[in-house]
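Notes to accompany the following structure.
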Amino acid sequence: MATTSRVKEILGWYESDNPGTKANLARFLNQGKLAGTGKLVILPVDQGFEHGPARSFAANPAAYDPHYHFQLAIDAGLSGYAAPLGMIEAGADTFAGQIPLILKMNSANSLAVQKDQAITASVEDALRLGCSAIGFTIYPSSDYAFEQFEEISELTREAKAAGLAVVVWSYPRGPELDKAGETAIDICAYAAHIAALLGAHIIKVKPPTDHLSLPAAKKVYEEQKIDVSTLPARIRHVVQSSFDGKRIVIFSGGEATTKENLLVTIRGLAEGGAFGSIIGRNTFQRPREEALALLDEIITIFKG
Amino acid sequence: MATTSRVKEILGWYESDNPGTKANLARFLNQGKLAGTGKLVILPVDQGFEHGPARSFAANPAAYDPHYHFQLAIDAGLSGYAAPLGMIEAGADTFAGQIPLILKMNSANSLAVQKDQAITASVEDALRLGCSAIGFTIYPSSDYAFEQFEEISELTREAKAAGLAVVVWSYPRGPELDKAGETAIDICAYAAHIAALLGAHIIKVKPPTDHLSLPAAKKVYEEQKIDVSTLPARIRHVVQSSFDGKRIVIFSGGEATTKENLLVTIRGLAEGGAFGSIIGRNTFQRPREEALALLDEIITIFKG
Amino acid sequence: MATTSRVKEILGWYESDNPGTKANLARFLNQGKLAGTGKLVILPVDQGFEHGPARSFAANPAAYDPHYHFQLAIDAGLSGYAAPLGMIEAGADTFAGQIPLILKMNSANSLAVQKDQAITASVEDALRLGCSAIGFTIYPSSDYAFEQFEEISELTREAKAAGLAVVVWSYPRGPELDKAGETAIDICAYAAHIAALLGAHIIKVKPPTDHLSLPAAKKVYEEQKIDVSTLPARIRHVVQSSFDGKRIVIFSGGEATTKENLLVTIRGLAEGGAFGSIIGRNTFQRPREEALALLDEIITIFKG
Amino acid sequence: MATTSRVKEILGWYESDNPGTKANLARFLNQGKLAGTGKLVILPVDQGFEHGPARSFAANPAAYDPHYHFQLAIDAGLSGYAAPLGMIEAGADTFAGQIPLILKMNSANSLAVQKDQAITASVEDALRLGCSAIGFTIYPSSDYAFEQFEEISELTREAKAAGLAVVVWSYPRGPELDKAGETAIDICAYAAHIAALLGAHIIKVKPPTDHLSLPAAKKVYEEQKIDVSTLPARIRHVVQSSFDGKRIVIFSGGEATTKENLLVTIRGLAEGGAFGSIIGRNTFQRPREEALALLDEIITIFKG
Amino acid sequence: MATTSRVKEILGWYESDNPGTKANLARFLNQGKLAGTGKLVILPVDQGFEHGPARSFAANPAAYDPHYHFQLAIDAGLSGYAAPLGMIEAGADTFAGQIPLILKMNSANSLAVQKDQAITASVEDALRLGCSAIGFTIYPSSDYAFEQFEEISELTREAKAAGLAVVVWSYPRGPELDKAGETAIDICAYAAHIAALLGAHIIKVKPPTDHLSLPAAKKVYEEQKIDVSTLPARIRHVVQSSFDGKRIVIFSGGEATTKENLLVTIRGLAEGGAFGSIIGRNTFQRPREEALALLDEIITIFKG
């Protein structure tokens, strides 16, 4: 299909990137049911690494098979599929060229003592497996934040030189941040901004609450009357915080929840100008037909 | 011998690997008495590194000689032999081409203060010594887990580019895991899954008990009614957790024990669909003729 | 199978090689119907590069398919299969681990202006494709001979360090050698000796005639009464010229010819102590069943 | 001199090594008064690094001069001389080709905060200085053990590729090992075994006492009735623990002591089948003539 | 044995070389029956490469076996053995450490169109095979001379850094040099001087005749009354031309000839102050006992 003017506009924002990286970004934007709209819905499956296989897949045992997820993402008309090395290796040949892939470079796990992530893949792996992007999680505010920033910086440099795109999951956490702080609007906007500053092409954050965590920030938000009263307002603020909307920012659907709750969130994201969503557990832990129907509703919302 | 359809099916699961790696995987699957069945029995001798020479070999002093183990593995019709650098160097020329070798890249030792493993070999060593695979141990949940994940990721990349296979021993342990937790079924399944996600071709874990260690996992196992009541059921769950059975998962025979106890375990493994076993102490600490007879019984069980 | 004492003796001649290279040599010696005998029959298919597809495959169109040749070599119980990069790539996955492969590193072609060979593969290719050896053609006496010697020297060093074996096709030709000279016994023995001096593990030459080409050599052959009167005598001399028989020397079956002529040659090779034969056109240009029957007769002759 | 059958037998144990490494091993075995016997007496002078100059050399001030030690080793008919970079550099030219040299790659020092060793030389240094081997100390059981294992693994790979031999001093120490444990027979045998597993050609340990340190080991020694009652019995056990006697194991003479005590130890080593001894302080801290006489007595004992 | 003052004096001339290179030079000077005298007799076997196997070995068929030459050089008490890669590889393990080896890096062959030499080995090969020196032939005055000078310059730099010695065969030939010119005294002295200028440690030239080839040189020889009337006088002049005798210059015995002619030449060399001889065909083309007797006479002459 011809590239739409919206896709061209979005690619134009990444003006220092080489044509290889732009072509890979374009693959996400031209894929599936949202092709050409500038919106993205991505399936991430790093749940097995983070929570172990049973917590991830026992609810829908077909999902133990790595092929299941490739097929689900393709059949649902999604924009891309993200997973750690082993999961990608297990299907990259069968589904070669059928959906843009994000190789998740680092992963946490529930067994770990350190609340860090280990780097378990390389840019060379991404190339040999035909991925369009690398994915990386940072934990701003954690003990490991600086090390992670330096890791993603090196990987980003390598990835961009090789014409790949970079997706950053930015999840604030750490000793000085309480649970409410992790999704506070000031923190979430800050996390998105840090990812943009690190050179991310696609930024993934959690939907923020109206909580304000940092006293210094709270003061400014109040003085400047920044509207954080509704989810759309908050999303708008996070998008603005990402280079005035010139970086693709997508949001998770949050914890596994009811369909109705999830769709309320998605409508809020869409209204606030989010570029889309990353939906993991909420899809692959449901039976396949139910997941396909749900994803179709989500896509319809983003199509607007 | 011609490659059987079962071996072809298994090789097909490793769809992103190059023919070099598949040829080396095929060497294990086409070797010895289990050739063509898709089952593997491997002799590992890193006991000397882990427990010292007397605890490993005094019960059967012929085993002090590195050649003893090569010859035992060949005469027993096993699928492969795994050992650290020095042991492989001491026999790789005499037994060149007679049995597929796994160069154990890291090793623990009982003298060590750190409960980690040191890397004591390289992919170049594996090539010059004619090995078909590298072997590596990870300790998920330990203080060293992330460092180990990053080490094995790098070695895996190098090994795969050179056409070698990768065998990962996944042994959870660490400050937050009690003794029962180390072999709990949820932990063991998780450990196997992590190895698969790290890109392992062959995964080695311990036979799990019916204990459930992580509260969050326990809840899911109970809700989802995952059967962990018998060894075969648990093995089936671990195999399922390894990409729905699309990765080779083998199990240790456990601590040195009586022949009868060992055979009960082996029967449980076989019934549960394990791809085979790694049997160290239980063989080389017995007199040679007894070990050969025992291995023959084990092989017969796996042949089914 | 257990390595025979003959195979062990042969491996012992390659005393400066690492166990990796010996294991790969052993793979050829332990393969197929001649396993353990110290004899080799190898199928080479670089004919398409040298003469073009129609001249190579039109006589037996099934042979246009690269899989045809892998399958033929396996079904005939041959010791190995040699071909250029593209041919190996086209079947290395399907037939992984089923027959030892020789990656032909350089190739001539009938379209070429220069009567040289281009290097079209690397040691890394050999590793990723699971090959056991690299193959290389030299043209002693040609304008390109020295360049070729330097190329094979470098590739040999790399291959040996990576545990691969080296097969050298030594085909004298050039401006000062007439057609009769190319297969003269003095030239052929010299060509085999050069390959041995370059570090080849397996040497491939053409069956020599009783012609003597170099005047200085002719004088010595006559003075020393070197018997070159029969094919067996000449083969014996070529084998002696290859480090007194301590390098594997194999011979082509010569031009495409009648079955009877070919078998006469093979009997001469076997009687003279050749280590075997490389048979290309004489097999794949015949119908498959006829080729299999012919190869079986050849193997029976070498079995003695 | 012609290589004796004993030397050939010993070289044969290092079956995966290249001829360069074997030639350098042969240099030690063919040197001095013990040439051809398979026994070695080596002079090490890293005392200055470890204890400072006065503690090392004030008792015999001639020993401040690096040339003194080269000359002593040569005049005494020893098998080799080992020292850190500076000491080797200070005499390697004057004594070029007169005695095989071991370049000590790491060294401890009494000023150090960390009870580790610093790497102070490289394989390239060993080549430019004409050394036949690199030497390296590991401290199994120390906080630095794993780092040291990884360092020696890399240096060993480099050294072997360059045709050098590798000598490992294996000295257990660390927070969980009391003074008696450092020379306990189970620990000493374990230390020798670890060095063998790391790929050492020559292993140097301290003469063990009959103490048993690790409870798990103690149990096995008692159950298996391993004789540790006399020094010869213990030496025999350490040699057995080093690949059933297929690695060269040599022992220090222990702390500086009286001549009589030292000779008692040496006789015990010889009777137990030690491959020889490393004698430092006990020689160069005595007047030269006395040291020469003492070394002659030691050599006579090892000659048997 | 202790290094003699003569050997120390000779090593002192190579004042910019590192101790590694000096130790390797010392190995030649301390080997065999001439050990310590400063004289060398070396066995070179690159005849097979240059003239083919029959012309080289048919006169004494035992010599087809590479081991024959190692053993001959050792049994005759020679100073070293030089051969191309394949010949060295075929015996370097069996004879490890028994005689210093020179790896011949380039070789000519009678089949070649170009009157050049191909580089067929590397410094890495020399190290892994335990060689003490690399050997290289240059053809001053040939079309290939400059290329050869540049090749040996690079190899020399590498060899010296790795502690190896460099032996240069300097054989003038080329379009502007007639047959008589190739061994003319002015040309021969010039050839030795060029080798010295290129950094050779040991220079090998042919015994010169009293012919003077270059008109400009002829004029000087006559004006300066340089004595070239006898072989000893000419040898003295060649030695003087090699840094006033401060480089080791050795001479071939010339074409295969009668024993008496050869001994006359050897006496001339010795009288003129040659450092020794390289004797190939004149030894290995004779029956072994005859060769040993001849070499003993030659050695006796050089011992003086």
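By letter and in written order, the chains are A, B, C, D and E; residue numbering begins at 1 in each of them.
One rule holds for everything that comes next: a residue touches a chain if its C-beta (ideal position, glycine included) is under 8 Å from a C-beta of that chain, and two chains touch if they have at least 3 such contacts.
What you see is a predicted model; the values in this text were computed from it and never measured.
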* To do: In contact with chain C and with chain D at once: which chains are those? Just list them.
  => B, E
* Asked: Fewest touch steps from chain A to chain D?
  -> 2
* If you fit chain B onto chain E using only Cα atoms, how far does it have to rotate, to the nearest 5°? -> 180
* **Contact-pair overlap exceeding half with A-B, pair selected from C-D, D-E or C-E** => C-E
* Structure fact -> The pair out of D-E and B-D sharing more C-beta contacts is B-D
* Between chain A and chain C, what is the separation of their C-alpha centroids in Å? -> 56
* **Centre distance in Å when chain B and chain D are each reduced to the mean of their C-alpha atoms** => 36
* Asked: If you average the CA atoms of chain A and of chain E, how many Å lie between those two points?
  -> 71
* Asked: Distance from the CA centroid of chain B to that of chain C, rounded to the nearest Å?
  -> 39
* Interface hub residues of chain A, defined as touching at least two other chains -> none
* Determine the shape of the graph in which chains are vertices and touching pairs are edges (line, ring, star, complete, other). => other
* Structure fact -> Full set of chain pairs in contact is A-B, B-C, B-D, C-D, C-E, D-E
* Complex contact set, residues of chain C against chain B -> 2-3, 11, 18-27, 29-30, 74, 92-93, 95-98, 124, 127-131, 161-163
* Along chain D, where are the residues that touch chain B in the complex? -> 13-17, 140-143, 145-147, 149-150, 153-154, 157, 172, 174-177, 186-187, 189-194, 196-200, 214, 216-217, 220-221, 224, 226, 237, 240-241, 243-244, 246
* Can you name the residues of chain E that touch chain C in the complex? -> 48-49, 51-55, 58-59, 61, 64-66, 84-94, 107, 109-114, 116-122, 124-125, 128-129
* Residues of chain C that touch chain D when the two form their complex -> 15-16, 18-19, 161
